[in-house]
Structure formats: structure tokens, C-alpha cells
Amino acid sequence: MIRSWSPVVARERVAEETFWLEFDAPEIAEQAAPGQFVMVGFGASSWGTPFLPRPNSVAAAPDGRVGLLIRVYGAGSRRISELALGERVLLLGPLGTRFELGDARNVLCIAGGVGLAPFLLLPRWLDRQGREANLRLLYGERVGAVVFNPEKIQEIAGIEADIWTEDGSRGSRGTVLDGTGLDGADLVLSCGPTAMLKAVRSLARTAGVPCQLAVEEHMACGMGTCIGCAIPTIDPETGEDVYSLVCTEGPVFAAERLRW
Amino acid sequence: MIRSWSPVVARERVAEETFWLEFDAPEIAEQAAPGQFVMVGFGASSWGTPFLPRPNSVAAAPDGRVGLLIRVYGAGSRRISELALGERVLLLGPLGTRFELGDARNVLCIAGGVGLAPFLLLPRWLDRQGREANLRLLYGERVGAVVFNPEKIQEIAGIEADIWTEDGSRGSRGTVLDGTGLDGADLVLSCGPTAMLKAVRSLARTAGVPCQLAVEEHMACGMGTCIGCAIPTIDPETGEDVYSLVCTEGPVFAAERLRW
Amino acid sequence: MVDLSQELFGTTFQNPVLLASGTCGYGEEYSDLIAVDELGGIVTKAVTPERRLGNPPTRISETPAGMINAIGLANVGLDGFKREKLPWIREHLSRAKVLVNVAGRSVEDFVGVVEGLEDEDGFLGYEINVSCPNVEGGTMFGTDELSLAQLVAALRRATRRPLVVKLTPNVAEIGNFARICEENGADGLSTINTFPGMLIDVETRRPVIGNVTGGISGPAIKPMGVFATWKATSRVEIPIIGIGGICNARDALEYILAGASLVQIGTAMFADPFTAPDTIRGLREICERQGVTRAADLVGALEVR
Amino acid sequence: MVDLSQELFGTTFQNPVLLASGTCGYGEEYSDLIAVDELGGIVTKAVTPERRLGNPPTRISETPAGMINAIGLANVGLDGFKREKLPWIREHLSRAKVLVNVAGRSVEDFVGVVEGLEDEDGFLGYEINVSCPNVEGGTMFGTDELSLAQLVAALRRATRRPLVVKLTPNVAEIGNFARICEENGADGLSTINTFPGMLIDVETRRPVIGNVTGGISGPAIKPMGVFATWKATSRVEIPIIGIGGICNARDALEYILAGASLVQIGTAMFADPFTAPDTIRGLREICERQGVTRAADLVGALEVR
């Protein structure tokens, strides 16, 4: 786990309220795997908004840089999105678990909104591991205005995204789930809003395909000390109802462990 | 009294920890008189540092702009000093009392540190009022590194400053008071650290010359509602010990009213 | 069209946003900048029987997301208030409701101010500030159940106007104090006053505040104020005015959902004197967006599973 | 050379900076990032008799200059602590002192944990968390004078180790509670725990926190913590550990000047895990600049005219 004050080295508004940021943070970039995240903060001496750091998935790791895909949600993500080139933030990471591909050959990735982030890292990360798999990426947004450019996705991730919008203004009309014939997938990975994750889980369960979900919960420490990011889960060994920490036991969970 | 979100239109580091900032705020610029101040704030929706606005003397008012001379003291003045061009702050002003020249012909201005600010506005303001007076400006700092450039003073204020530093590295060695033969002054105006103001008051009292002092106190509202900026004074009518509000009854007080 | 009005204390507040005591003078000070009569109302600076000079400087300073103050109830006194302040209020505020904040160190002090004002017009009622140290008991009225009961009962006998008691959060169970006020005849409650706090200058090794300690206000205390409001509403039937760190319409709405019929804005008015009118506009916008036609329906509408 | 050490509880703390309970796990979690054994010490997450799963989500959220938490004392329980946590502490912490934070809902709960740990080595003493609701009385131990006295007396009988009671600020006069602890045998006090607070999502009209209410910590409460520390020191002779919103050496020094012998850092460790080591370094620097050779001389050095 690395803590570093890292400068913004690239910043681009990529869609409505959506920004692409790159930080110079070689050690984190080297270690980060898809699904893992960094805490992005401003240190303890500035108690402005935000005081607590904010979790964000590592979306790319080119040339010693950590790329993040940030959607403005509240005051914290707004401040992060407004960082100027050269400004430094405190990065802590990489944190959490990653998607585990095992022997899967045909991997279906289902992303909702900025849940796209981990899947931007996935293809090149697999390359770096010398690991081959057929990846298919479904990417859904509510409206076209917030869609991350498919060319940019291609450039960052080297993968083509199958885009779905509910208003039909970009890509196909509908939700990612409308595009989900699991056709041939032997593993489903998903990240996005909880409602979507639940639907993905049902689909995969029905089809009998293993499924891993990256979930979100409020965080303070990102490293297991505050016990704040617990979500209801099922203990895989005892079958008991327990809580698991999203920051250390997650954010990627086997779908069947989640107690929703 | 004007409230306006005003952008920074000029910013310059003018000495160690000392910055010159100009804001586009025509109405305030038009009304401001020497000794008056503005509250510089960031609004109520950002509760970072600072939450309360900070009082700063209007140091210039050229072309619809409000010029401020800011010395970094704590977190609030630091944030103000770091404003970028185009960034907006909430200005409230002009506030408080001004130096009253009456019929004075020979006016001695004694400035300590950024207490220089009101005296930068004074000469051009007098011009605009069509008022003539001989101004002499003594300006002292502890060390040379923090001295505001005499050429810049000349440019902003059209006046030559007689500079004193305790380390002797700029101007004459010593404090402004070492340079104070009141020679012929029929009014003394001063702004700066309290210890200096006290000494100026004694000098003027001894010489029997009227004296006005611009003082500082912590402020919240800047307009008389919080009753927070009170300092001990003598009621000019009753001679009683009272408190006066620096923001509305000051910052400029007749020296004899201050109860130190 | 959203109806922001609130019916309480036998009258109608045109909207739920008031200015808090001690942060708006007597209304006049803000009249240059904002339309004070368009607000729900104002609460005056505390009025004590005699004029008070207040505490030595420094009286205020910034704290994380807030401020500390020890003004020391500096005010013009009962007579000064009637002579110098009430006339302006009477003349300029007809739609905004005015509560006179009353302070003192003994039951007689409080009753004296109320009796001295009872025959005046131009204001609606009283907000009783029980956070001042009680001369007889040493502690605050607001932290001692018996003193508080006696004070409220005495004031109830002294006035037929709306009697609002402003509670201090500096107690273990604010609900108990709320109950005592209701049982002794209060018409409403204000929650909360400031928290006791202290700021030290580590270079001079002295307290920053002349009075050594002071009261903490501002956004820092907002979650505590919402909590206190929610706790108090669960114990009484009388209406509550929510106070503490409100900076915008969302903050105000937190208090309203927790059970407040009205809210007061204090410290945030220093950060921006437009905070109160902006909050009123913001409440209207949120209601419109959420399809709420009467803001009064939101009072206590918090859903706790 | 500045000597930062503090002598208390019959031992020497190499410096006055500890990590606060619930914000540093059991020390191990931070060991990747900082040299935990270089700190003054750590206070463990609360240990209860049985393992506890804790509260449903959401457990934490940001508030102005702070955070709200309702973890619900999630912890591994007495046995889990002995089996899974204490071995790491024993092996890795020899210079940093360890206080075990103890929580429970009855006197028996607390005494049970202390008795269960009494024969173990690897830690110095206990910090008793009296902010949990008391099963018998309903209120907190920390807000009821009689329950607190009984609890402290019972714990005193159960242990010869340093017994530190962590006070809640949610009382009218913290000095009274400090006195009660001292009179019943406590060796020290920690001031303060969190303030009760509440955060409401105005869109869903629900509390943000699963438990509805939670505790407020962080810079927002610093002035209240300094005040409580100062109040408590004026009433007792036993040493005090200052807690609440400490982010840097200046904040720590405020507490020390107010009378704290040690300090704890909690929430700020989330903003930056280097806060504690940076605070130690900063204290050394301030002492050097001010010509202070023994930091212990600064304890209670506040000058109040």
C-alpha cells in the first residue's frame, strides 16, 4: 500500500459532469489491478470539503500514471474533478480486491455509469500479466450526454464498448441488461449501481455462470481500520449472516456472498 | 454597502509572503475611501478555510478595480493570497470609517507592515476629491524581504515611501519611529501593529498633533451585527469606558478614544 | 406554486427562515443588503434588563467549519431596545415576524424584560435564552431542570404572547429539557444554542478569546443540531425552531424533516448575508422539484424505517 | 534536543501522541504505512465480551469538518482479541504503549473483559468507553453519575493496571464526571468521545446512517474537546488524555496547554495516515523553536491572565 502526494498530469472533461484525470503515481500504477481503488484526499491539514478521502477505482495505469474516471456526485467528487494540472492530492492505494479471472475464457463485463472504470484497466492489465481472454464490454448510461467517448475507451483500454443509453441518444436504446445474452460467457464481472448489480446477479445465477460484482459503500480509511464500510454478506464457510468490509474484503465480491 | 462575487483580475507576489491582488468590483472601487475595508469571503456554501470572511483594507481603486495588499498570516489570508486569475470571491464593502483629513495641510502617514494598504489609496483618493495636502509616508517592515517595492508604491499610489527596516536591508535601518520628527505635520495617520500604533499615539500626543489610528480586531460580519469586533474605547461625550465596534465605528479612530 | 408558509404560535410565518439571535442585530443592520421583511422573521440580539457592555476582546474567532464567540450579551438593555431599536422594527417589519431574545441571570431579570415589553407592539413574542449562567445557582438555567421549570413557569405567568425557549445542547438528554418547557407552558422551543468551546494560541499560550471560553456555532455543529431537534420533537407536541450551522436550503430541510417548523440561520449570514434569502429560494426550488406543494407537509417527514 | 516523553501511569510514554480507539484497528492495519512502535501508543478498537457484528450500513459519512459514525462496536470480542489481535501487538509493539478500549452494556460486561485480559501481557492498561447505552438504565454510563461511580469502582477492584475512563462530552458539567472517576479509583481520563449527531438525506428523506444517529468526530469538535479537557483538569489531579479533532502538532499543543498529558488522534488518520508521525515531528519542531526542552513542561501551561 502506497501513500503519495501526486500531481495531476492530465485532466479532461469527457462528458457531462464526468472527468478523466491522471496522476503521476508510478508505484500505485505498477501495483494496481482491475477492481482495486485508491483513496483520493487532500490531507489532514485542510479540513475543507472533502475532509475524508474519496474512493475511486483505478481506471488506467499507463506510464506510471494512475487514471481515474470521476463523475461529479457531491462536493467531494466535485473538488476532485476541478483539480488543476500540477495540483497534488494524497493518494492511498492500491486498495481492495480485484476481479479474479481464474481460467475464464469468455468474460462478459457489464458496466453501469462510472462503474466503467475498472473495466478500462482490465484489458491492458491482462496483457501485462500475459493472460489471454475474450472480453466483451457492455456499458450503459441513463442519457447520452454522460457517455464516455467510445474512441477514448478504445484508446485507454484497447477495447470496444457496446454502449446502451436509456434515452437511446447514444448506442442502443435500453439498459445494458437488454443487451445481455450471456452468450457463451463463462464469467460475468459487473460494476455499477446496486439495482443493476442485483439484476446482473439474477441473470448470471439463472444462467449458472459465475459472477463477480464490485460494490460501493461509504469509506473513511480504505484499509480496514474504521470498520465503516461494512455491507451485509454471507460467510462463505459457515453460511452465517455477517458483514464484510468493502475496502479489504471487497470491493469485488463473488455475487453469491452479497446479502441484498 | 455592496455585496459582489468579484473575479481576480490581477495577482502578483510582491514580497515574501505578500501579494497584490486586484478584483473587478466597480461599485466598491467607486465608493471606497482610505481606511475603509472589504470583507473577502468564499460564501456560505463552502465551509472550508476560511468560513468567515477576512477584513482587508482597500489599497487601491483604479479603473473599477479593488486592489488589496495581502500578507499571509494564517490559513485564511493564505487562501486569499493563492487565488487564481478569474477566481471569484465574495466582497462586501466598502466598510467602516475613513481617515478624516479635515483642513490638515501637512499629513504624516506612518505605516507598519501591510498597514501600508490604506495609505496606498490615500493620495489618488485625495486627487479624486479635488483635495490637496502634503503627504509624507513612512513605511516600516521588520526585514527587507517583505518590503513592498517602492517603485510599485510609486506606481499604485503616486507617492514616495520613506522605507525603514529593522535589519537595515532595505531603506534606513530602524523603525518608522526613528524617522519621525513630526516636522511640521498638523495631522498624523497610522496603521500597523498595535505596539507601533501606541508609540505613534504617544509621539503625536507629546507633540500636540491630532492623530488617527486604523486598528484591527477579529471580525465576523464587518457590518455591526455580530458585536464581535469590539475594542475598549472612551466615549467621547461622557468620558466613560465603553467598547466600540472596529467595523462600524472604526477601523479609523481618533487616537485619544482608544483605551489601551 | 409552492406554499412555504407555516402556521404556528397563532399566526402565519410567510416562510420558515428566520435570522438567529445575535447574528442579525435588530434587523436594521441587514436592511441595506437584503429585504428583511421578506424573511420568515428575525430574532433580536438578547435583551437584558440593563444595558451591557459585553466582554473584553477578542470576542470571536474562526474554528473548523465554524466560529467561537463570547460577546457577553452586549446589548442596549430593555430601555435602549424600546427607544432605539423597536421603532425601526415596528416601522419596517410587517410581514416578517419578530421574536425578542431575552436573557438574564435570575428569574427576575427575565420576567422584568418580558413585563417591560408586554405592552409594546411591533413584535410577536419572546425567545428565552437559557444559556447564560444563572446567578443564584451558578450553572445555566438551561442545564438545570428545576431552575428551568421555575423560569418557564414564571415567564408563562408574565406573558400571553408566544413564549419560545431556546435550549442549550450542553445536556445529556435534551428531550427532558424540552418536556420541562412544554409542561411549564412554553409555546415552542428553539434547538440549539452554541456548544461551549475553547481556542488556544499556541504561541502566546493564552486563550484566543478574552473571556477564555466561548460558544461554538456554524456548520461544525449542524449534525448535533439536527439530532437535538429530532430528539426534542419526539418528546413534545409544541413546535420547534431548528438552529445550528444552516448554510443553505438542504441544511434547512434536514432540520424540517427532523421536525422543525421553522429554522434560524446565524453564523452563515456572516459568510454571506444573502444566505437567508438564498435559502428561501432554495427551499422553493427543492419543493418544486420534489413535487411538494406545501412545505408544511415536510415538517417531521423523516422516514425512519 | 527536545524530550517529548511523558511519565504517567507508572511508565514512560516516548511521546504524547496515541492513536484513538476505533480509528486504528489493533495497530496492525497501519503497520504497512507507519512505524506504529514509534508512536506514544495506540488504543485498540473497543473490546466487548462477545464478538459483535455491528450496525447495518451506512455506518459512516462526512459532515462539515468531520464525520459521523455508527459502527456499533463491531469487534472480535474478548476471545477473538486474545487469539487474533493481542499476539501481533505483543510481538510488534514494545515501545508504543497499548491501552485496550473496553465497552459493554452492564458492569458485568466491562468487568468480564478486564478480568479476561488481566493475566495477559502485551498491553499497559484499559480505556473504558462509557458512551455505550447502559442496558439496565437505558442512558449511557457516561451521563449518569451513579452508574459511572459504580462502574469505575467495580473496575478498580478488577484490575491493578492503569484504568483510564473515556468521558462523553454529552453532559452539562464534564468536571463532575471527571471527579467521580477520580474518586472511584480511575488513574486517568480521556476527553472526549464523539458528540451525538444526525445526518439526513433530503432526497430520500431518510437518515444517511443505518443506525439513524451516530457520533460526530473530527476538526469540528476540536474546540469542544479542548474546553472539556480544560474543564476536567481543573477538577482532578489524575492525568488526562486529550482527544477530538487533532490534525497536527498545533492542535495537539492546544490540548497539552489545556492540561492533557497525552493526546489521541482519530479521524484525521483517515484523512492522512501520516498525521500521527507528522504530529510528533511537529511537536518537536515547535518545542525547538520555542526553546522548550521538555514537552512535559507544557502540560497545563495555559496562561489565563
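Each chain gets a letter, A, B, C and D, in the order it is written, and its residues are counted from 1.
The rule is simple: contacts are C-beta pairs under 8 Å (C-beta built on N, C-alpha and C of every residue); 3 or more make two chains touch, one makes a residue touch a chain.
Heads up on the chains, UniProt names are C, D = Dihydroorotate dehydrogenase.
Since the structure is predicted, the reported quantities are computational estimates derived from the model, not experimental observations.
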| item | value |
| --- | --- |
| Chain whose average C-alpha position is farthest from chain C's own | A |
| Maximum inter-chain contact count - chain pair | C-D |
| Chain centre separation (chain B, chain D; CA means) in Å | 46 |
| Centroid distance [mean C-alpha coordinates] between chain D and chain A, Å | 35 |
| Cα-centroid distance, chain C relative to chain D, in whole angstrom | 33 |
| Residues of chain C engaged with two or more neighbouring chains | 64-66, 218-219 |
| Touching two or more other chains - residue numbers and ranges from chain A | 47-49 |
| Of all residues in chain B, those that touch chain A in their complex | 46-49, 84 |
| Chain C residues touching chain B - in the complex, by the definition given at the top | 22-25, 29-30, 32-33, 45, 53-54, 56-62, 65-67, 69, 71, 74, 218-219, 247-248, 267-275, 278 |
| Chain C-touching residues of chain B, taken from the complex the two chains share | 1, 3, 41-45, 47-53, 76, 90, 92, 217-221, 223-232, 242-243 |
| Residue numbers on chain C that touch chain D, as the complex places them | 63-66, 68, 139-140, 143-144, 170-173, 195-200, 202-207, 212-213, 216, 218-224, 226-227, 230, 245, 250, 253-254, 257-258, 286, 290, 301-305 |
